[in-house]
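Next, two complexes with chain A in common: one pairs it with chain B, the other with chain C.
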Partner chain A sequence: MIDEHLLDDLALQNGLLEVDAKLKLAVGIGAILIGVFSPSPVAPLVIAASMAVCTIVFAGIPARVYAALLAIPVTFVSMSIIVILFMTGGGEPLWDVHVLGYTFTLTTDSANLAVLLLSRTLGGMCSLFFIALTTPMVDIFSVMNRLRLPDEFVDLSMLIYRNIFVLIGESIAIHNAQVMRNGYSTFRRSIDAFAMLAGMLFVRAWEKGEEMLVAMDARCYDGKFQMIEEERRISATGIATATGYLCACAGLAVLFRSFRIF
Partner chain B sequence: MHIMEGFLPSPWWQIWFIVAIPFLVLGLYQLKKLFAEKRETIPLLAVAGAFVFVLSSLKLPSVNGSCSHPTGTGLSAILFGPFITSILALIVLLYQAIFLAHGGLTTLGANVFSMGISGPIVAYALYVAGKKASLNTFVNVFIAATVADLFTYVVTAGQLALAFPAPAAQGGLLGSFSAFLVIFALTQVPLAIIEGVIIALVFKYIIDVRPDILVKLNVLTQNTVNRIREAAS
Partner chain C sequence: MNNAIDLEHVVFSYPQGTLSLRGISFSIERGRKVALVGPNGAGKTTLLLMCNGILKPDSGRVLVNGEALSYTKQGLLDIRRRVGFVFQNSDNQIFAPTVFADVAFGPLNLGMEKEEIRTVVDEALFSVGMNGYERRPPHHLSGGEKKRVAIAGVLAMKPDILIFDEPTSSLDPASAAEIVDLLDELNAMGKTIIISTHDVMLAFEWADEVLLMSDGRILHHGPPREVFIDQDLIRQSRLTVPPVLEIFCELKARGILSGSPPSGVLELTHSIQQAAGTPENTRPGTIFVADAEQVSGTEISEWVSDHPGARVGAMGTSAKRLAEEEHIPLDFTYGVIDKCLLKVVLGQDTLIISSGGMIRRVCERVSEFSREHDLDIGVSPIP
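== the complex of A and B ==
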């Protein structure tokens, strides 16, 4: 039912946990930006490969889990790529398709654009997985605090984070109870069961919120959570490796800027 | 429907961030005011945000085999108003990117605009209008949630069409807009209808168990609740 792995669970036991969160975020976001700005598919593909290796080998994320994650964007990407292949044009025609009396033409420019987008999405997703799988949310909160984001926003994020796990537990319990009573045996029933689950989840969540209010009042909450931050020293080699990596990727993007497949 | 990381080229991903920012600032301003006036809303908003996240990570009963998730922001807009929903949606979308690998960081602006701003505003406006016209509460909620979902998907198609317009011979911007609309309709139209039905039923269950919450949030008046409960019994 909740079919996705919560990446945070994996992030909390990954091999790069001790590396400073700011450094990991900088590498991930830097790679995403280089990928988005790269005019050719070379740099994003290299980023995708290096990020995947880094996440699987150094962070120790099981390759099977990683492959399952890569399947998530497939539906969206495949549907959008079809439109882009046949609706954008320019360049030499490569292939004609006749559907219901209409002719759609695949051209070199649209094929290049599709390849570029595929590689950018792949590079971007791999960089995002790198952040998601190596940096636990708790570390990101302290970075958010350092960046002086509004306190209300950071506090709300932390409370939401904490409650997500409570509610996931509740929903799994309700779902199991419903399955045992044939709640999802037909389509009609599953609609009703799903709505009942969501409704009860809301009521449970609300009651948790009311309880939390009492608990927070009892502990003199005054609108700001105090966080204990672990100081992790950023190592010089870490900074050097990160800078070197990002420079190499940016260099590839510039070097291969006019590279086209078709 | 989330636009995946890396899919929107420059300058479009920057543009959608800029478009989304005024709404988020307004939402943050309302949030600050709410926190200062009624401190007791903080934990409640927190559970609401968590609820939206968990709801959007549950798999809907599917019709055509595609894996579909509700957006959940329609419900939040009806309960808390569109601007606070935009802040909740921003946090939820960030978590979806980082926890579930749905969406992305550069496309966050575009996704917040389609799912957290335009959909909720439509849901809220329709719900308020329906309430004024004293429409049946469940029909009203169904319409608001369904249309908000459909509108979200139309906006997403528009965002993609703007970034990737077709050449003039194939209808230009409108050509690629309609192409994206048609191809996403396969999954999004059934999804919107199912989500509408489910959100309306969720309302029924909340009214059954804790109608006082809805009264407190000014979603329903006590009279409406009494009338609905009488009709049910």
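== the complex of A and C ==
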């Protein structure tokens, strides 16, 4: 259900498409910063919940897709949490585990750290998904343009964005061709096949680059490659809502700064 | 000088040393529709890339509008503005993240102002029927849509010569036919069009003249009927005879048909009918013509509901758009004139919705056909 076009497709059809990109970026980045700097898990968890609601309800992203996307960072963070729970110390011991004659102790400090880590990850990822699922890359480019980032940087990002999809298409085609001829049937063969795929992809990328240069020359390329985008007005309610939301999150972070679960 | 493109003794070999063009000379007049045909590896793409200065001949000259190409930076910019090139693979041509940015690329690099770019892009997208797609990324488009965007990107620079490398390859038949119809429309706007193709039917029916290439040489340059009737030439250049011509030749060999080869299904059908001696008891119908830019959509819809049996065809982007907006069901969207003539001969009335220079073309074609076959086919404008 997750393919290479999924995020892009969803972002282009989401319910908040017409909201100004600058506003969405400000909310997303602001929430990430507040979540990361918050000393207690309260603000990040509130951010995670509100961002998830916003993305699913207002932007209309299917909950199943959202859960599947969120499962990726959650898997990673759960693995780190297990390590942190038993490897860091301090505070009162809560629980002892005996494995193969060794004793692992879970303490209050390690539990608090694990909860904080989980909440910050969730808050950050939900904010990031909010940006990714409500703001198409194209809008981000025009924001970059307006923020006066160097033209070279913006041009390169635009070319990279376009070519990612071209290259993914190529790699899927090569991979299919390999699978159809038993390329990945054994471990050894998959290593060989994968090496071949990587090599071919490099060659194809090179060729595509040359072809693109010819195509650009054929259209009088003279060093200019920017976007001219229509101006969109940010509504006053939009600014007020965004500021209110960020202030509330920051307030929670300050208010509950010394809150601990254990 | 009335020639759009002249090549004089052009020789070219790739850096690896393979000789690709072995002395090519030909001239193409302005406003012509030219098809370049030949086997794989004949040098078709190389030849086309010569025409806008992407490749430079080892010896010989390339002239555009009577002037020899200058391979300086300014000279190349100028020539590439005047000679638009649409690549075979649209994915290579469309490199910007959105349709708008891609079509705006040429005008931007020509140094146009923001407002001017907006107008030019709007016009270009309108003329290929792709307005409304501005913000879409190219990887969300179908093959036919990508081809249209690629064409718009070239049109935005307002070239007077358009070169298409295999415009219909990898498109479904309906999309291919629509692209061909678009080529006709561009030609009616006065642009010289050169395409390379493997589709013999397309080259035979569409082109005014055919350039037959093989192994880096031009084997023949002339009207399609002349090229495709020559069996030896066809075999030598790994082509096949278009079905229409093949049927004609076989019927001629059996003594059923005589005369000169037909230029399409319409002529072939007509000469078979004459040979069969079926009395033409039906009076031919009338071809009604509506100018999409003059007649309102409601008037056309009313006409269509008043004439339930009539077949309706639309030529050109604005006509098709009008039909779509007014929910007028279309029977023909490509090869419209000939298809309508086929029905008219059967006694049915037809309506052709079109605009601009294409209307004149309808009248010319119909009167030519009536004259040749001694029929009385009326063309009447509506309302």
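One rule holds in what follows: the second predicted complex is superposed on the first by the 248 of 262 C-alpha atoms of A that agree within 3 Å, B and C clash if a C-alpha of one lies under 4 Å from a C-alpha of the other, contacts with A are read in each partner's own complex, and residues count from 1 in each chain.
Following the convention adopted for this analysis, a residue touches a chain if its C-beta (ideal position, glycine included) is under 8 Å from a C-beta of that chain, and two chains touch if they have at least 3 such contacts.
Model, not experiment: these values are computed from the prediction.
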Chain B versus chain C as contact partner of A:M180, first or second or both or neither: neither
Between chain B and chain C, whom does A:V77 touch in the aligned arrangement: first, second, both, or neither? first
With both structures placed on chain A, which of the two partners, chain B or chain C, ends up touching more residues of chain A? B
Tell me the contact category for A:I32 with respect to chain B and chain C: first, second, both or neither. first
With the two complexes superposed on chain A, say which partner A:M216 touches: chain B (first), chain C (second), both, or neither. both
Partner chain in contact with A:A236 - chain B first, chain C second, else both or neither: neither
Would you check which partner chain A:L147 touches, where first means chain B only, second means chain C only, and both and neither mean what they say? neither
State whether A:M137 touches chain B only (first), chain C only (second), both chains, or neither. both
Touch check for A:Y161: first (chain B), second (chain C), both, or neither? both
Output the chain A positions appearing in both contact lists, the one against chain B and the one against chain C. 8, 137, 159, 161-163, 166, 208, 212, 216, 223
Which residues of chain A touch chain B once you look at their complex with the stated criterion? 1-4, 6-8, 29, 32-33, 35-37, 44, 69, 72-73, 75-77, 79-80, 82-84, 86-90, 113, 117, 120-125, 127-129, 131-132, 137, 140, 150, 152-153, 155-157, 159-164, 166-168, 171, 184, 187, 190-192, 194-203, 205-206, 208-210, 212-213, 216, 223
Show me the residue ranges of chain A that touch chain C in the complex, using the header's touch definition. 5, 8-9, 12, 136-138, 141, 158-159, 161-163, 165-166, 169, 208, 211-212, 214-228
Within their complex, state which residues of chain C touch chain A. 52, 54, 76-77, 80-81, 85, 87, 89, 91-98, 100-101, 104-106, 108-111, 114, 117-118, 135-140, 153-154, 157
Residue ranges of chain B in contact with chain A within the complex: 1-10, 13, 28, 31-32, 35, 39-40, 42-51, 53-55, 57-61, 63, 66-67, 87-88, 91-92, 94-95, 97-102, 104-106, 160, 164-167, 169-170, 175-176, 179-180, 183-184, 186-187, 194, 197-206, 209-210, 213
